[in-house]
Amino acid sequence: MSAKSPVLNVAMVGHAFMGRAHGNAFRQANHFFDLPLQVVPKVIVGRDLGRAAEAAGKLGFEHATTDLDAVLADPDIHLVDVATPNDSHHDIAMAALRAKKHVMCEKPLAMTLAQAKAMASLAKKQKVRVALWHNYRRAPATALAARMIQRGDIGAVRQVRAVYLQDWLADPKAGASWRTSKKHCGSGAHGDLNAHLIDLTRALTGLEFESVCGMQQTFTKTRPAGRGKKAKVDVDDAFCFLAKFKGGAIGTYEATRAAPGRKNYNCVEISGEKGTIRWNLERMNELEVFTDAGGKDGQGFRTVMCMDTPHPYAANWWPDGHIVGYEHTFVHHLADFVLSLGKGAIGKGTRFAPDFDDGVAVQAVLEAALRSAERGTWEKIAK
Amino acid sequence: MSAKSPVLNVAMVGHAFMGRAHGNAFRQANHFFDLPLQVVPKVIVGRDLGRAAEAAGKLGFEHATTDLDAVLADPDIHLVDVATPNDSHHDIAMAALRAKKHVMCEKPLAMTLAQAKAMASLAKKQKVRVALWHNYRRAPATALAARMIQRGDIGAVRQVRAVYLQDWLADPKAGASWRTSKKHCGSGAHGDLNAHLIDLTRALTGLEFESVCGMQQTFTKTRPAGRGKKAKVDVDDAFCFLAKFKGGAIGTYEATRAAPGRKNYNCVEISGEKGTIRWNLERMNELEVFTDAGGKDGQGFRTVMCMDTPHPYAANWWPDGHIVGYEHTFVHHLADFVLSLGKGAIGKGTRFAPDFDDGVAVQAVLEAALRSAERGTWEKIAK
Amino acid sequence: MSAKSPVLNVAMVGHAFMGRAHGNAFRQANHFFDLPLQVVPKVIVGRDLGRAAEAAGKLGFEHATTDLDAVLADPDIHLVDVATPNDSHHDIAMAALRAKKHVMCEKPLAMTLAQAKAMASLAKKQKVRVALWHNYRRAPATALAARMIQRGDIGAVRQVRAVYLQDWLADPKAGASWRTSKKHCGSGAHGDLNAHLIDLTRALTGLEFESVCGMQQTFTKTRPAGRGKKAKVDVDDAFCFLAKFKGGAIGTYEATRAAPGRKNYNCVEISGEKGTIRWNLERMNELEVFTDAGGKDGQGFRTVMCMDTPHPYAANWWPDGHIVGYEHTFVHHLADFVLSLGKGAIGKGTRFAPDFDDGVAVQAVLEAALRSAERGTWEKIAK
Amino acid sequence: MSAKSPVLNVAMVGHAFMGRAHGNAFRQANHFFDLPLQVVPKVIVGRDLGRAAEAAGKLGFEHATTDLDAVLADPDIHLVDVATPNDSHHDIAMAALRAKKHVMCEKPLAMTLAQAKAMASLAKKQKVRVALWHNYRRAPATALAARMIQRGDIGAVRQVRAVYLQDWLADPKAGASWRTSKKHCGSGAHGDLNAHLIDLTRALTGLEFESVCGMQQTFTKTRPAGRGKKAKVDVDDAFCFLAKFKGGAIGTYEATRAAPGRKNYNCVEISGEKGTIRWNLERMNELEVFTDAGGKDGQGFRTVMCMDTPHPYAANWWPDGHIVGYEHTFVHHLADFVLSLGKGAIGKGTRFAPDFDDGVAVQAVLEAALRSAERGTWEKIAK
């Protein structure tokens, strides 16, 4: 980036966990990637000015405000980042789109498929660029997996086995929160974790879901809600589903918050006709790959350390063999998004993925699976 | 075993792969376990006398015959071992039971649930002891897992994730055989591999299946059948199912023969309220265990090397840290069976498991899952 | 950090690989740690103004200069960071100390033990704070290991087995550089990699080296030097040594650049009377720990995922189970250094480690080992 | 083996741990390998007739005796197996050689290099076949490693890193025994465990040791000896040494009985110019292999499951992917020995390795290392 790069001024709405991760990306991307625009973390929009200002200081934004409308009306703001809780994604993003801002939205895109479709539709109409923060597509190892599958290293994909296991609700004494309330989050592990698995599947394999059959369970029906009270839990602790893809491939999925010892075990294994690839977020810099390389008596799963020069994003960081971490996936996501912005006119050839269409696709699968689990039937994915 | 131990004369019907594994157990058990009976590999029953005689020589049996009726009529034969292909298990075992022999039967118990029930029923009526060779219950690590779960190390079981992955049919050029023909084997990976997962689940957790929902796929529809011909494949290459257990636990299952790089990846992971246990046949002497042991900052999955003195069966073999292999599970199975024989009268208190009732239970789940996959519905397990 | 924090203005001398890592730390520390000072990346000092200015832009410094003297004379510069090649560490650091600046110096501290001692001595005399960038002490997992050992989790330390394996000089066709020339770097893998192992040993165990016996080898005696020329290699490709510690513990060390497949395999295993701890940079967020936790039949090496709330530095970053990478060790190092600066008067109780005394200790071991390898004798560590 | 195979009658002297492992091999080899001779476990020779007879019954030998001379005089005994404690290997083997028996001897071959040389010399003079039970050469994975190295998969060998870690003497309360007394066993971990590493190095790489430099330590100087008494420990708990090989390769070695959590961690890693191979007895069916297979972005250590058809010994056991255990290495050793016996006249072309010459080579390295540790010098290997 030359000193004369045009700027990309960012307004970030929200500043909790995801805001910290996004904020880091906005600060760091230009330091490690040669980008056509200089990203400027300009303003944080919050509901409480004091907390927003504190966040701005901590996260490196220039100032803070509670006035989203003013921000959207400001022609100097180029990009609106939606980092709020799930139930406000739709309204904020729609407002930003109406103001013709580029929009990056934290996942999930929306609370319903209808909302998601409206957002994707408006984004296209406004001819702005949009991104959905499915950051796990852009670990060096997952990007490498996508590359390998695309060039045919494992042949046509036949089976996906995907699990996202966490353990923070295994303990029945863990407290209730908005995350255990259907009204506030729609579903439990399903919307939170299966969303990642669905997006990763599509990103790595190019497969489209055809139909699904789901099963959910809530192991702990009530949880402490403070002051000796109990709150009912009406979302799933664990949600599993079977999937059939267009073209004949099949898959199994599991999301759970009740697997003791699994902190962040987002693990996807993909078998094709000629090989198998396996990735696990807890060892996110490694990729397990089996092909017939190594000869008849020397084949085996290869543990590929994905931080060497030939690997995606690796050369932007450190010399070979120095690993990166969780937040780097956000930096990569942003860097690629800014690169796509630099390509000028919005059109098919310069699509950034995942965008809101991808969000629609994920939402459709999530909803079909949820419906399936409630009805006890196989459900087709809505178009 | 003292020199004066009474003998247990064994007739083994069949002498292919499983016969080799059973035969080894018959030869080895008394050398490593103190048993109340001296096992004597007496006679192999085959269809071709020459081949049976050759097998008898190789496997250490005294002689060979083609006359099963004569063997069953011989009062000096105490135990009949059924090591033939699946479709003859029922007839041979029923004949042996009618002759009041103890019977050990290779899995699957039968081709249908009705057959299995008839076998279990006759076994009880005749008051003989019967065993089903689900050998994977008796790796040191799986026996340890069962012990840990039973004593509450991981709390009440909530989730099972079980896969049995192989790769010998991944290649479309791999040839057709009786194993790819529904007429000869009933199903593909499902009956062969899911049977193990179902039995292991019951053995390790004590859970009973309530309902299942299955999905199957055949990736390669025709296979080379010799001389340039092609044979249709009418069994599954891969079969996945969701399961609900009595009491609220849930599980996912997958059996496949099309996962490149997975040779014998029989892997069961069980999460309870307080911990998680994971076992994988390819590293069969290890058990991965998570509990809160190690303190707040020192918890983690423990790789337990299961060949030390405190572990099941370990002290019968070698000093600490010397591993055993596949065939040892058969030796353990036999040793426990002979110990149960030594306990005298047949009764509830001295049940050997897995017996034919366990075979009935496995068969009921397999059939329900198969029906489910054909109908696209959830199916209850038949009683 | 409140908005009114006093600032810590940083001048960084040098801006290559290590400069990028230091620069990142200077930019990031305040965003993730509550520090008593606001770190300000002020100026980069380089030999070429154009390149220094470009680096300043990329690394987030305010400006660049070639005039080190002017920087040292500037009372507004509080901290001088030495990120130049090894052979200039001494001169630059000494000048900065004379100017009464706090100094952070990239490892190795100096080219000779005598230099190192002079630096440590002057630092004490000037009553400034100094740090040596042995960053690997401050991975969450290594900091946890130090904590565990200090509180006695593995008992008295008896054995250290330490290797640092890389492979970038395995290929005889890899080119010559200053790193393969004794004149420019003193030694090969030894000074570069064993330095880390020596520092880590001291940091984790508190042990002091007593005597060492070394062995070195250069597998490729000449290397391509461009334009068809060959350059002689007069430093080691691999360097191993045995060590005896004060108090009776022993250790083995190996540094190599010729181990194909090992990119950055900095692995230290420490056995005490009651347990063993193992860490490996390639999986830097994990710690392998063996103690008797888990009970008689449930003991095993625990894979501790070190990015949960109870682990060092973890709570400053992301929710449980989200890993960090290589550069975070520099951020931690800086954050702790700034915390020590905030403690006011320089004194024994507020020492920051590793400082230049630690650098002296490492240098003494390196030199003794080198001397030993040349002479074929055991060598005592100089005091 | 046809029914008419000539027999190989075996007399086994000793019947403790190693006798059980040898005995199993004598019983099992013909059941799994097609051999030119039928091995017959004939007689066990012990010091106490009762215990020898009991062992004969348990281990499958025909009878027992205390009269070694009579056994040696018996022309019907073809092979004498020496499975006694170390200090009697020489005398028994020499007597058997004088009687012109084939001899298999448990390791170590002898108590001194002089003894070992005498044994090797007499073996050659008598033109009998001899074997030293260094069984770890014949795990499928180690045999595969030797094959790979021999055919050049990793290029010229440059570095060996070998450790054999156990933990049974980590606890200071573990009792004294003949194994902690120099008079009875010569050395501690060194002779017991480094012997394996030395033999494995030679077997896998073909390298010959040139000089060594050793270091030993006894962490627990006295141990409980029963009835409240303490016995002095005068052998090493841990013994490390550096090695230089003819031709320029180098290596590091460590044997210890004081590494908590390591039960039987016999781990050898070998780096050549083009690749690296790593084997670990605790996962003895796996081989870790790095070469450039997999392409620029897909290279990595391959975990080769060594029980598939193309792997050494695998096809003699079970279908692909079914692992074997510790005792199988003895069966393989014996099978290869019997095959060599079947080749007729004793000569260079039909040498079985490891034989007594290999035992001499191992002994020479062990003694040089011991001398080195005592003197604090590098020591050349005696010829």
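Letters A, B, C and D mark the chains as written, and numbering starts fresh at 1 in each.
In this section, a residue touches a chain if its C-beta (ideal position, glycine included) is under 8 Å from a C-beta of that chain, and two chains touch if they have at least 3 such contacts.
Every value quoted in this text rests on a predicted model; they were computed, and no experiment measured them.
> Please name the chain that ends up farthest from chain B once chain centres are defined by their CA atoms averaged.
Between chain B and every other chain, the largest centroid distance is to C.
> Check B-C against B-D and say which one is joined by more contacting C-beta pairs.
B-D
> Mind checking chain C against chain D and telling me if their interface is mostly the same residue numbers on each side, over half, or mostly different?
Interface between chain C and chain D is built from largely the same residues.
> Using mean CA coordinates as chain centres, what's the chain C-chain D distance in Å?
The answer is 42 Å.
> Round to the nearest whole Å and give the separation of the Cα centres of chain B and chain C.
Measuring from centre to centre gives 54 Å for this pair.
> Let me have the rounded angstrom distance from the C-alpha centre of chain B over to the C-alpha centre of chain D, please.
35
> Check each residue of chain B and list the ones that touch at least two other chains.
In chain B, 291, 299-301, 305, 308 touch at least two other chains.
> Taking the complex as given, what residues does chain D use to touch chain C?
Touch residues, chain D against chain C: 154, 158-159, 161, 163, 165, 170-172, 213, 215, 217, 219, 238, 240-242, 244, 248-250, 252, 254, 256, 258-262, 271-276, 290-291, 299-301, 376-378.
> With touch defined as at the start, can you tell me which chain C residues reach chain B in the complex?
Residues 144, 147-148, 153, 287, 289, 291, 293-305, 308, 310-311.
> Under the touch definition given earlier, write down the residues of chain D that touch chain B in their complex.
1, 3, 17, 20-21, 23-24, 27-28, 31, 57-60, 166, 168, 263-265, 282-285, 305, 307-308, 317-328
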